[in-house]
Amino acid sequence: MKTFIPFVALSAALAANAAAAEGKLTISVYSFAQDAYKEALYDPFEEICDCELVIETGNSVERMAKIEANAADPVIDMAVISSHDALSLAQKGLLQPIDTSKLSSFDKLYPAAQDPLGDNMGVGYTFYASSIVYREDLVTIDSWGDLLGDDLAGNVSLPNITGTQGPLTLMMLDKAAGGDASDFTGTISDIGAHADDIVTFYSRSSELAQLMNQEEVIAAPVGRFAWSRFKSSPLPFAWAEPKEGQAGGMNVMIMTANNGNEELAYKLMDYWLSTEAQTRIAEALIDSPANMDVTLSDEIAENLTYGADLINSLNILPPSTIIAERDAWVDQWNTEVIR
Amino acid sequence: MKAFPIWLILGATLTFLIGPFLIVIFAGLSAGEALAFPPQGLSLKWYAKVFTVESFRASFALSMFLAVFGTLAALILGIPAAYALNRYKLPGAETIRTVVAAPIIVPGIIVGLSLLRYFVVPLNVSILVALFVTHTALVLPYAVRVVSSSLNNLRADMEEAAVILGCTRLQAFIKVVLPNIRGGILAAFILGFVASFNEVPASLFLSGPGVRTLPIDMLSYMEITFDPSVAALSALLAFMSVGIVFLAERLLGFSRYV
Amino acid sequence: MFLNRTEGLPLALPAALFTFLVFLVPVGILLSVAFQNVGGGFSLQGYVDFFAQPLNRTVFLRTLKLGVLVAAVSAVIGYAAAFCIVSLPATSRGRVFGLIVLPLMISPVARTYAWIVILGRSGIVNDVIVGLGLSRLPIRFLFTETAVFIGLLQLFLPLMIISLVSAMENVPKDAVPAARVLGANWMQVFFRVILPLTKEGLVVGGTLVFTGALTAYITPAILGGSKVLMLETLLYQKVNVSNDFVSASVIAMILIVMSFSANLLLKRIATAKR
């Protein structure tokens, strides 16, 4: 008799899994601010769609790798990732074009967000600025070049090259050194020469927030979406406005090919882009809106990447450049920086 | 001159081995927001918070399920195997022994990756089944070894006598052997339970949306925040493991079997 | 021993088949990946490419170095501790032994996590260092090889002590006093009396600690981060960031070969001077 217990329990668990699959949408998102997201987006959506969201978290490149590994039988229905990782998936034929007629707020999106990858392979849902967050009681930051300066030696973290923020940091360091973003070889060598001064190379903004709150690190480049974690800290963090300007980027939502759950995925995309949801997410100080109809108080707007003027001022690295160059960067990085 | 350096050496060694863990217990008692030692004021709020984190509850249930049923499955496979290896002159006994012991030798992370790539994906198996199978395979060597050593201590002529007196082989096993190796089976269960519950490397790749074992869930929680709740959870889990082992030791002299 | 041979097979085969099918077959396929070229033929190119990358070589050597270092240091501490334990009276011996085994029951996640509290910039060690005025600013310990070393040592030291204690219980009680009376100093006692009698324990402990350090994931992941990669964390990155399964296969083979050869080598050393 005892023999049966585990098998009965296991099959019961499996059956429960299968039964729940009816109204279930599996999405893949960034790992920061999940509590806030639950309140601003997941819970209200589950209420409306009468379905269950299953959420996978991680940084963009890891989740991209997972989608690729599971391509034969997609686990993830819909994902939000960086524009260049999305483009890379699209080029490998792992995405399906998004039928924009199913997105009621599509026309309200900034033109740059409507079809950033071509062929409607992705829709931008947020813009972000990237700059340096630092401890204003300990250092001052005027330039991206300060990251490799003596004041920060031993107390600075840089984003890992494989992540979304890595290439942006390369671009701005290159600009600070007088480059024109055409070749980052020198910049990577420069970072390599300072490798011992860098505490660690972080791969998730949540990880960086952690390191800075623990005082392991006092300055690092990061995307504005992570700002609320720093702002709410008891430590005096500030957002730098370096003379080279801020870097920036866009995250996009994508639909995996042949996932069989398109209807629910469109529902979530539609809801996520709606003025209502975009406003609520913005007011929680997580992601800045891509929907032009979102109006925010000055106080909220100040913490986000809000408004056409700011968005247009950002230094942007084209996704196609990143994809074309990334392997070479990683090779050089592994040789000269991580050693 | 003798007693002093002995206790100095032992004291230093034990401080190194157990001290960090005591710090974790106290860090979890902090009233402050950040992980710190000594704690900033005392409170049980982080111990309480552990029970309110949804993902901890789900992953705890999964880890419990795997530890209990994975180990039971390993025993169901392992006890007959241990019995056969002990009482029969099997053809290829050495091979069987080696195969069954293999999961101990292969690093866990490789196991997890292999199963993900060449079991889960091609056969379209769910992550849950893969975890169950992995944990069973990882516990199986312990089950076979511990049950074997307890069979070794049991003289075979008792079963023989039972058979001569008219029992079938199965009856003899159930009536004579099983009651006598009960302690060994329980010891194997506890060992397997603890090993499975704390397992990390093999479960690392075997996680999907919504399916994660507790240690893996703790790791990913720590990437987001180091608030003292992870310290509190670590302490609670340790108390659980130590409590189980302590009880087992008290009730059956567990360490005789390991 | 009194039963016929084939009757027992149905009892043992399920376990063996289970492990073979769900365990050895997938692992075998993974290991074979790096030996295949694009056409499916035999090739060592995966290995050549892997070792051509300086990062991979560094990580390989670092893993080897830390494994040896952790095993060696734990042997030194282990001998001291085991010698003390066996010279205790029976009651306190049991208690101390229990305390040594205790950490093995605690989740490695919790045990590694403790070091963040201790070694972090706002951790205890730095509080003391800054408090005593030894340094103006807190010192960086996390994400260094030192941190990984300390974490691994704490994780695996109990295995060494346990192995050595059980080996030392076999040393005759009067062997050490006898050697002392005959004029041997402590060094001679150790190398001439204790070491030869406890070699097997050292081999078992050494293998357990070395392979443990080699295959630990959590410690290098938490205390080493992306700068102090070890083979396990490198494997995780190869798979999760770049879908590079050839490198993953190479690393898997290296880890298995290293564990096996450690075992063989230590056995060879242990039996050499008989």
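Here the chain labels run A, B and C in written order, and each chain numbers its own residues starting at 1.
Heads up, the rule we're going with is that a residue touches a chain if its C-beta (ideal position, glycine included) is under 8 Å from a C-beta of that chain, and two chains touch if they have at least 3 such contacts.
It should be emphasised that the depicted structure is a prediction, and the values quoted were computed from it without experimental measurement.
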{"item": "Contact-richer chain pair (by C-beta pairs counted) among A-B and B-C", "value": "B-C"}
{"item": "Chain separated most widely from chain C, comparing mean CA positions", "value": "A"}
{"item": "Separation of mean Cα positions, chain B and chain A [Å, integer]", "value": "37"}
{"item": "Distance from the mean Cα position of chain C to that of chain B, given in whole angstrom", "value": "19"}
{"item": "Chain A: positions in contact with at least two other chains", "value": "69, 214"}
{"item": "Junction residues of chain B, two or more chains touched", "value": "34-35, 117, 222, 226"}
{"item": "For chain C, residues that touch 2 or more chains besides their own", "value": "116, 122, 239"}
{"item": "Touching residues (chain side chain B, partner chain A) in the complex", "value": "33-35, 65, 69, 72-73, 76, 117, 121, 124, 126, 128-129, 132, 208-210, 220, 222-226"}
{"item": "Chain C residues touching chain A - in the complex, by the definition given at the top", "value": "53-55, 58, 116, 120-122, 138, 140, 142-143, 225-227, 229, 239-243"}
{"item": "Touching residues (chain side chain C, partner chain B) in the complex", "value": "1-9, 11-16, 18-20, 22-27, 29-30, 77, 80-81, 84-85, 87-88, 96, 99-100, 102-103, 105-111, 113-118, 122-124, 154, 157-158, 161, 211, 214-218, 221-222, 232, 235-236, 239, 245, 248, 252, 255-256, 259-260"}
{"item": "Chain C contact footprint on chain A (complex, rising order)", "value": "61-62, 65-66, 68-69, 154, 160, 162, 195, 198-203, 214-216, 330, 334-335, 338-339"}
{"item": "Residue numbers on chain A that touch chain B, as the complex places them", "value": "2-3, 5-6, 9-10, 13-14, 17, 26-28, 31-32, 34, 54-57, 69-70, 72-73, 75-76, 204, 206-207, 210, 213-214, 234"}
